[in-house]
Amino acid sequence: MDLKKTIIEVFKDVNSIKEEGALASYIPELANVNAKKFGVHISTLSGMNFGLGNFEEKFSIQSISKVLSLCLAYQMLSGELWNRVGVEPSGTAFNSLTQLEKDRGIPRNPFINAGALVIADILLSNLADPKRDLLTFIRGLSGNQDVNYSSKIASSEKSIGYRNVALCNFIKCFGNIKNEPEEVLDFYFDLCSIELSCQDLSALFLFLANNGKTIQGNKQILLPSKTKRINALMQTCGFYDESGEFAFKVGLPGKSGVGGGIIAIHPGQYAIAVWSPQLNAKGNSYKGMKFLEEFTTLSQLSIF
Amino acid sequence: MDLKKTIIEVFKDVNSIKEEGALASYIPELANVNAKKFGVHISTLSGMNFGLGNFEEKFSIQSISKVLSLCLAYQMLSGELWNRVGVEPSGTAFNSLTQLEKDRGIPRNPFINAGALVIADILLSNLADPKRDLLTFIRGLSGNQDVNYSSKIASSEKSIGYRNVALCNFIKCFGNIKNEPEEVLDFYFDLCSIELSCQDLSALFLFLANNGKTIQGNKQILLPSKTKRINALMQTCGFYDESGEFAFKVGLPGKSGVGGGIIAIHPGQYAIAVWSPQLNAKGNSYKGMKFLEEFTTLSQLSIF
Amino acid sequence: MDLKKTIIEVFKDVNSIKEEGALASYIPELANVNAKKFGVHISTLSGMNFGLGNFEEKFSIQSISKVLSLCLAYQMLSGELWNRVGVEPSGTAFNSLTQLEKDRGIPRNPFINAGALVIADILLSNLADPKRDLLTFIRGLSGNQDVNYSSKIASSEKSIGYRNVALCNFIKCFGNIKNEPEEVLDFYFDLCSIELSCQDLSALFLFLANNGKTIQGNKQILLPSKTKRINALMQTCGFYDESGEFAFKVGLPGKSGVGGGIIAIHPGQYAIAVWSPQLNAKGNSYKGMKFLEEFTTLSQLSIF
Amino acid sequence: MDLKKTIIEVFKDVNSIKEEGALASYIPELANVNAKKFGVHISTLSGMNFGLGNFEEKFSIQSISKVLSLCLAYQMLSGELWNRVGVEPSGTAFNSLTQLEKDRGIPRNPFINAGALVIADILLSNLADPKRDLLTFIRGLSGNQDVNYSSKIASSEKSIGYRNVALCNFIKCFGNIKNEPEEVLDFYFDLCSIELSCQDLSALFLFLANNGKTIQGNKQILLPSKTKRINALMQTCGFYDESGEFAFKVGLPGKSGVGGGIIAIHPGQYAIAVWSPQLNAKGNSYKGMKFLEEFTTLSQLSIF
């Protein structure tokens, strides 16, 4: 079946759904986003690039950045990374402290907030200028030199980020944060504030569909074995406690953010990004999930 | 690369590893199995069938049967199934009661014991002769008319099955078991006692690699969309609280049992069964996990 | 102040309160009790006996019997008892399984269901004829030879006692139940079914206000040091996860049952029993709590 | 029996015990205390004051101060206090975050760290100069104008207080901290750093044995009904998850601190303070617990 046609059809169908869900109201700045935005963009290994709706408009990628910081850390380190963070689905909400208490400061995986804080800490310890180096990494992969942190979003999150402050200090008390919590949190809030469009996202993540190699430039960003593992992690842990549901309905590795974005990867085929800011009860984009479910059903292009 | 060659090479390599792990000592009868047994068998959509080691010897498939009972239930029912059991990884051990208390009797997924008890209850309510009907289902799929329950294993498990009795009565008290706990447990213990060889297993599970259709006979056992979902569930929940690790290292949907067997599926390609009775700390076959990890690494045939 | 007058006044006051709470509907037979019943009876060390309302009417004492079975076990054993059951408040509901999972089958205290099941198991192992021996013990203490188990109540509880079956089998799987779960449960359900009046109860429990000695007969039932400990346990654990509230508001050691009875002890002074079958959300008698709170406030006779 | 004689005898006995337990090593400054210190002091309503050992030496009272800040808050407020903090034993360690997650930021009681942080927050909102006002309160009650915060101890705790920072921010994210976490923590760490001797402590806490009234000056610090409730709370929650054990063995309301101090109250009779810095596994003074257990056993002066 023709991919473009499928996308057009599903986009039209999902776009007509009455809005459901709610904006991520707990971050003041995100509550101001236009709830009706809806965009999608696909980049395939065969060179196709195709978008619909608000696919060129930037939005706050939030937790999607956790995959990027993990890739950057995984480039530099290997096994030792997994001594400090697990690879198992959490079975609890993205910001739970209960699991950390039981496991004495070792987050279940790098995609819950606790895990991403530990990855941020690792980057702080291993990079000369972490904020700059991460931007360089992202700009290189997306081919967009304008990518940047949003100080507006970052400071909005800082103003109410008590739970993340709690998480970071809690991990610190178990010794699994090495730098000062303030530094780690500062970097973490910046990380979450990065703004990208669907077009940027699918271009940027395409290397994960290509065994770790960029299409343009043919540069090996991650070893194939590490790439496979990042994809596996997105499959089992990418959607908080809705990860099983996403695998079940969509059947692709992916990652969501409370800004309403979702990136999904079909290894060997494509990367696809969706954006719609209204979230379901588990904090994932309502229309984004719907779109991807219908898309993989119609195209029969899931990994399962 | 040549699949047979890869299997021969990896089998030799893993076979030479010094035994690690331990037999599932909590079930008396399983503790008597020869710890050195090691077999593997692959069945591909292209018609290849190839085995090594003790691949023709029957063993107790234990929790692998949870996939079979789920498939049988999913044939008859659809959405309503998921009102009684979730699709999320549990984040806890396979026999935990804590999660059930929090979620008021709804098991996190059909592959933890609690979930399998609910599925057994559903089969009891929907089949004329559940024990016979399940055997018929399995015999048909595996092409082996000798498949049977082991009354020795079943009664061995019953004699110490206090925890499963606890689980079943606990779910009953929340109303999510409809039949009498004794009946459900009787069926459940029989289910776990089924004996199959690696050869039987890979033949039997091949339909899950083939969009739900059998190779011989071309019979649609499950709809493609349901097949995809079963595979997704095996990916996220098939290995108790080591599911993330299995996805991470092996990268295939699969299911393990405390008898030391593992079945793994590569959608569109093959089904592969491994058996080695010594288990790691999480209750999964030590050598089985090793074999599959090396096999997908060398063959580069994972879904990610 | 005059005790009788205080009781009359408070009784009148609380009796006029509009019914609140609900009958223990989960035990079918208890749901048939007349919700308007209200009785109170005090027995003092100085020899006063005084009752009001339905103080001579028998009701199902339910969990109040847990104190009696504990006293009987504590007569025979000492330190070793506390290897099998703790002395700490549970912080969770009376029938929670979560705590047991964490503490590997050691109940937090003897007054939650799990703890009472372990005490029942201990009595089964240590008495020639546990059911008869317990009756003899209770008849002796209350001076009422008609005290008996209610087979109607016991079988009503058995018919829906799935959660207790779960608890007992769960503890068994950790090895902290020595007899067969069916036997333990049979004894436990009988225990809970004992019927006593407020008059019986305050007479029966008076020895706990008297350093372990009966008034009539001057017989040492429990050593003073053991008596003190039983009272301490009632103070910290007698009201499930409302124990703190009861200490806070009433300030006496005591024990409640879902039949709507409460016994409270003022060491050195008196024992007082109240009965009103409507329960608050935590499973304790609504009017019973109210009565005791007002009574200790007005009489200024609390231990604190 | 003669109280002084009993104290002398028990002191001698416990003093001869080989040191057990360990200093509170997690607070650097507390690890420097001489482990052999041992003091005791009693103040009775009948006017007796008697001490032995290092009873005049100041030590860090740590969590004992949680009773003082609660009394100060309870003077000003009444019912509304208990909307923000519970009165139930926690069933978990003193610094657990798991319970808070379940109860959405309402600490189980005012004597776990979480509860004391909420009380500190309440004082910050209700007092003109909280640090000064608390000192005034304590100086008045103890009759010792030299009582003060220890900036050395406070800054030692701040340097490693990540877990308390986590707790405070976690409660804040549920809205149950009204002031800025930094301010609350600053006050809290100061609170814990107060230094008092056994002599000071028993003098200071005597009003709780006297229905809330001071002996000298006959001043009503707390209403009798509120005093009773403070004592009840100390009984059920004063020793973290060893509260049941303390009630069981000692049988008096009391409060411990990781500095090795314990205060215990016998309503209507006396207040007694013990200090020995080596702690048992639950964080309570090893010798202090032993002393009080033997003392109430020998004197038969417990409340039960």
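First chain written, first letter: the chains are A, B, C and D, and each begins at residue 1.
To be clear about the criterion, a residue touches a chain if its C-beta (ideal position, glycine included) is under 8 Å from a C-beta of that chain, and two chains touch if they have at least 3 such contacts.
Going by UniProt, the chains are A, B, C, D = Glutaminase.
It should be emphasised that the depicted structure is a prediction, and the values quoted were computed from it without experimental measurement.
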item: Farthest chain relative to chain D (Glutaminase) (centres taken as mean CA coordinates); value: B
item: Intercentroid distance (Cα basis), chain C (Glutaminase) paired with chain A (Glutaminase), Å; value: 55
item: CA centroid of chain A (Glutaminase) to CA centroid of chain D (Glutaminase), Å; value: 47
item: Chain centre separation in whole Å, for chain B (Glutaminase) relative to chain A (Glutaminase) (CA means); value: 32
item: Chain D (Glutaminase): positions in contact with at least two other chains; value: none
item: Contact graph of the chains (line, ring, star, complete, other); value: ring
item: Touching chain combinations (by label order); value: A-B, A-D, B-C, C-D
item: Chain C (Glutaminase) contact footprint on chain D (Glutaminase) (complex, rising order); value: 86-92, 99, 108-109, 224-225, 227-229, 231-233, 235-237, 241-245, 247-249, 251, 253, 267, 297, 300, 302-304
item: Interfacial residue positions of chain B (Glutaminase) with respect to chain C (Glutaminase) in the complex; value: 96-98, 100-102, 160, 162-163, 165-170, 172-173, 181
